[in-house]
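What follows is a pair of complexes built around subunit A, which joins subunit B in one and subunit C in the other.
On to the complex of A and B.
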């Protein structure tokens, strides 16, 4: 049976790529994480020391805390603003809606590196738009203890359209009969929204939240050009800390141990969640 | 009345929303000495091409654009070919439901893996193979993260095809090759075009692999941009010019993929 084998041959190239570029490097990293290994110097086996140090490292806990705040705040704001926008735009607006949708689509596709630059200009304490809008001058949002919130703001700027586009599409695919049935039953606008509209778009919202959650957790490029993790680690996320440990401090052993724990935790969370999602909505 | 008010609110919101990009645009056309002023100057007057002259003539931006294009386009082509074939196997051949589901979930979980976790070992492996600053290294890294995306989206498009068309093709004695090239691909070409453009954008914008796997001869546009912030101080006019050049293909692409954008953004989970 050639057909029986053909299906395996067809997926073989993809799996060779995955195995050689993801799985092999992971094992490579796993081995490296047991060594004190500064790039360019001989490695020294230390067992679990890197992992133990990690739990004692104040940098790691600080980055974890920053990442959690960043992700929750950014994704929450994006959801709320995106939802409000989508509900407002879900009506007959003629040519207006496609124009706005296209315009709002642009920030999503701009490289986070460029977004970081743009917002660095906006937050410039002497000439930036931010100070101008607030009517102040000299306030440096990326140089104070609230810097993390201003990084979140840049993320919200870039990614709110993502929520908006997905939620609007979901709103438009609700069959009108369902909403009309609600009107006949005499439900008010708000009740209709809570009991009919929201449940109908819950799947879209869950998918959008999942994807944003995943991407925000990995945030690195935006921070690289906007704050470079500063001031004093105030905007350092897990991704950025690993990057800095590996490529600035050249401390490969420590960085790989952190990266592995990060990957495993994320992997468990997400595959569990996808499994649940698949049982509930049959996505595959 | 309500509609007018809402249109007005949204119009203001949209204008505010695009203000940052507009501001970068006009900054790129201001002489460096006037690139920043207080109060900010929004009027599109006093615009000059100085910064563009500098970045095109002295900073050889063409070189970076060329590198970005080589890496992105090659990787997009490889990912598309391999991805479509893989998706074809999953969508039209007899798989045990359980095997297929777990393989597909495994593929998507690779995409979920933080890129930094792959970047460190890949950097070390490519350094050992003396492949740093070569296109194959960059292209392989891009292909790895594009591939799972392509497989998932294209699989979704294939699955939506009416079963009858595919089965009719098979009964007529169509070989799998013919089915793939004459039936399945032509019918899903709009979706595949969207996937193509999205993977192109992802590779064009990619920074983490680009900054570590390149040195001089293969540096891409995002690496050039990041270099402005770190090494050369604050040349706002020039960095805005490079930024704008890097955004232009993105804006053009965004106009083309409106129809499939939701599907594209959600790995095909929402049609």
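On to the complex of A and C.
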């Protein structure tokens, strides 16, 4: 009898922690989303008003559009550049290989807040490296309608190494016999890459893509220091909007409803994305 | 024998060292620990840090310090207040946070302390500094700590050479800006007529500055021209549209890229000698000019009243938190930190914005700060406040500020933008507890 119950006793501490740190806050947040709940003011029940306001808010739609552009562009560019770098670094480069390999990972270890400050200097219209490279004077990459693309560029600089490291590790785990067998069968370099290398590392690519996808959708810290969502909300993502609503406006009720809807939408998107990958490549 | 004498002397010394403190006068707040939440702005932070050993020596109070920059201090304090952690006894805060803290009951009115303390004399402060930092709904919630009002900095050498007079209205100001911008000599040197901040964090893009700088402030007669004394919206829509259109048009007179300029970029632009005029928070820019590396530019720089409208005030006060169990000690501390003597000392040593009248007239400062201090005094006496309602943070950092930035940078037509701003303001006032009729 005791043995039968033992398993329940053993999972009880973990269950209590899970209940108090995940389930309870989730329901607390859900309840809060039905209130006008502002720090320092009495909460007022408003039903679905926060949700209706969210769907009517031009700021929310603008943030959603920016987030989609940001995520697709950043993750796609990071994947392509990371893949190219990994393939290049997988070759024999003699003495330089360890040095270059290590150097390529450095941006990933810099805090996003610091990355934002560095890129703010790089983009300075009068003293920045960016204008110097272009040979221009007074061009403000983050001061116009294309600001979001320049924020993406900073994100790509920081997170391409993440893709590169994971893909490089996967490339090194491909058994050389498979590649040799391909060569014996007379495949060209490109055919070998498309039909042997790429399928062999696809599981790593999917993992890297999923992790970066989830991370990029919550982009906040880089935007906070680089543009603060400006100009005119041009770089405001969902993550930034939730942050602004909660910690600048102190409208916890609205921010909670934003966050819940965002979590549900992202959950659906990621599930469908993984499902599609599974059907397409049969690897997940 | 010698050894015995030396040994005896050591023993006697040790005994004396041990005994003497017991005879030392007991201090009023011995054993009390005061938790102070300071702002990371360098001059204010240095002043609070300086106070740690001094207050221990004077009152016996131990100070436990925390600090945060402007961008995060408000919500960090709010989190502590809402959770009633009792984390802070005293807090250095911006005047625009007063309503959120006072209406929530998180800071206490100081009126009883003021009334019952014969040592305290509010007449030592500049009246505007005392009122802005922080009088709210007829009660005093803080003592003024750091005060500054927007000033115009201009290049005396350029003005003298070109025969310009310091502008006193927007037409004169614009004439000078365009004359410099169109002058091939300055063009070649990369010098612009003026530099302003058009980016989102702070500056001209903020509605307050834009709107205020268009009219005679006395005609509005309310705190900030957005709402009246009953907290009903009183925006002068045509004036506001005109203000925004004016600043939208001025983008073409500004250095390219100014849409991404926040405070640091604008300060640096002037320090690098690339602008003939700028209007900024004066303490930081003047601090930069005091750097020996900028001595040449400092000699060429003059300060004056801002050319358009009324200057904004940047005011910081010291509040006592309602959760504090040692409010007597807290009062003693904030009183000490804002005395006329310390105000002068903090300005001289750390560059903190003076709040006491005596600092502005102190003879020892005339040589180094002469014109600038006079200009500051005048700017502060006319300064207007952002406002202090509980939802102020939505006004200067929420949708309201985003819409303003959209208008300023030409993404939104002024007329349509102002309608959106009025709609947004309705919500802000209602959330602060002031239903709109």
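Keep in mind that, in the parts below, the second predicted complex is superposed on the first by the 246 of 284 C-alpha atoms of A that agree within 3 Å, B and C clash if a C-alpha of one lies under 4 Å from a C-alpha of the other, contacts with A are read in each partner's own complex, and residues count from 1 in each chain.
Criterion: a contact is a pair of C-beta atoms (placed from the backbone, for glycine too) under 8 Å apart; a residue touches a chain by one contact, two chains touch by 3 or more.
Note that this is a predicted model, so its numbers are computed, not measured.
In the superposition on chain A, contact of A:157 is made with subunit B only, not with subunit C.
Comparing subunit C and subunit B on the residues of subunit A they touch gives the larger count to B. Look at A:227: by the touch rule set out above, it reaches subunit C but stays clear of subunit B.
Once chain A of one complex is fitted onto chain A of the other, the partner contacts of A:239 are limited to subunit B, with no touch recorded for subunit C. In the superposition on chain A, contact is made by A:214 with subunit B only, not with subunit C. Contacts of A:126 after superposition on the shared chain: both subunit B and subunit C are touched. Judged by the touch definition given at the top, the superposed model places A:265 against neither subunit B nor subunit C. By the touch criterion defined above, A:138 lies against subunit C but remains apart from subunit B after alignment on the C-alpha atoms of chain A. Once chain A of one complex is fitted onto chain A of the other, the partner contacts of A:278 are limited to subunit B, with no touch recorded for subunit C. In the overlay built on the shared chain, the residue A:48 is in contact with neither subunit B nor subunit C.
In the superposition on the C-alpha atoms of chain A, the part of subunit A touched by subunit B in one complex and by subunit C in the other spans residues 39, 124, 126-127, 137, 228, 247.
Within the complex, the subunit A residues that touch subunit C are 36, 38-41, 59, 123-127, 137-145, 227-234, 236, 244-245, 247-251.
Taken together, the subunit A residues at the contact with subunit B in this complex read 3, 6-8, 10-11, 13-14, 17-18, 21-22, 24-26, 28-29, 32, 39, 85, 88-89, 91-93, 96, 98, 100-114, 116-122, 124, 126-129, 132, 137, 157, 162, 165-166, 169-170, 203-204, 207-208, 211, 214, 217-218, 220-221, 224-225, 228, 238-239, 242-243, 246-247, 252, 255-256, 259-260, 262-263, 266-267, 270-271, 274-275, 278, 283-284. Across the complex, subunit A is touched by residues 75, 78-79, 81-82, 100-101, 103-104, 106, 190, 198-201, 255-261, 265, 268-269, 272, 274, 390-391, 393-394, 397-399, 402-403, 405-409, 411-412, 431, 433 of subunit C. The touching residues of subunit B, when paired with subunit A in their complex, are 3, 6-7, 9-11, 13-14, 17-21, 23-24, 27, 36-40, 82-83, 85-86, 88-90, 93-95, 100-101, 103-105, 107-110, 112-125, 140-141, 143-144, 147-148, 151, 176, 201, 204-205, 207-208, 212, 222, 225-226, 228-230, 236, 239-240, 243, 246-247, 250-251, 253-255, 258, 261-262, 265-267, 269-270.
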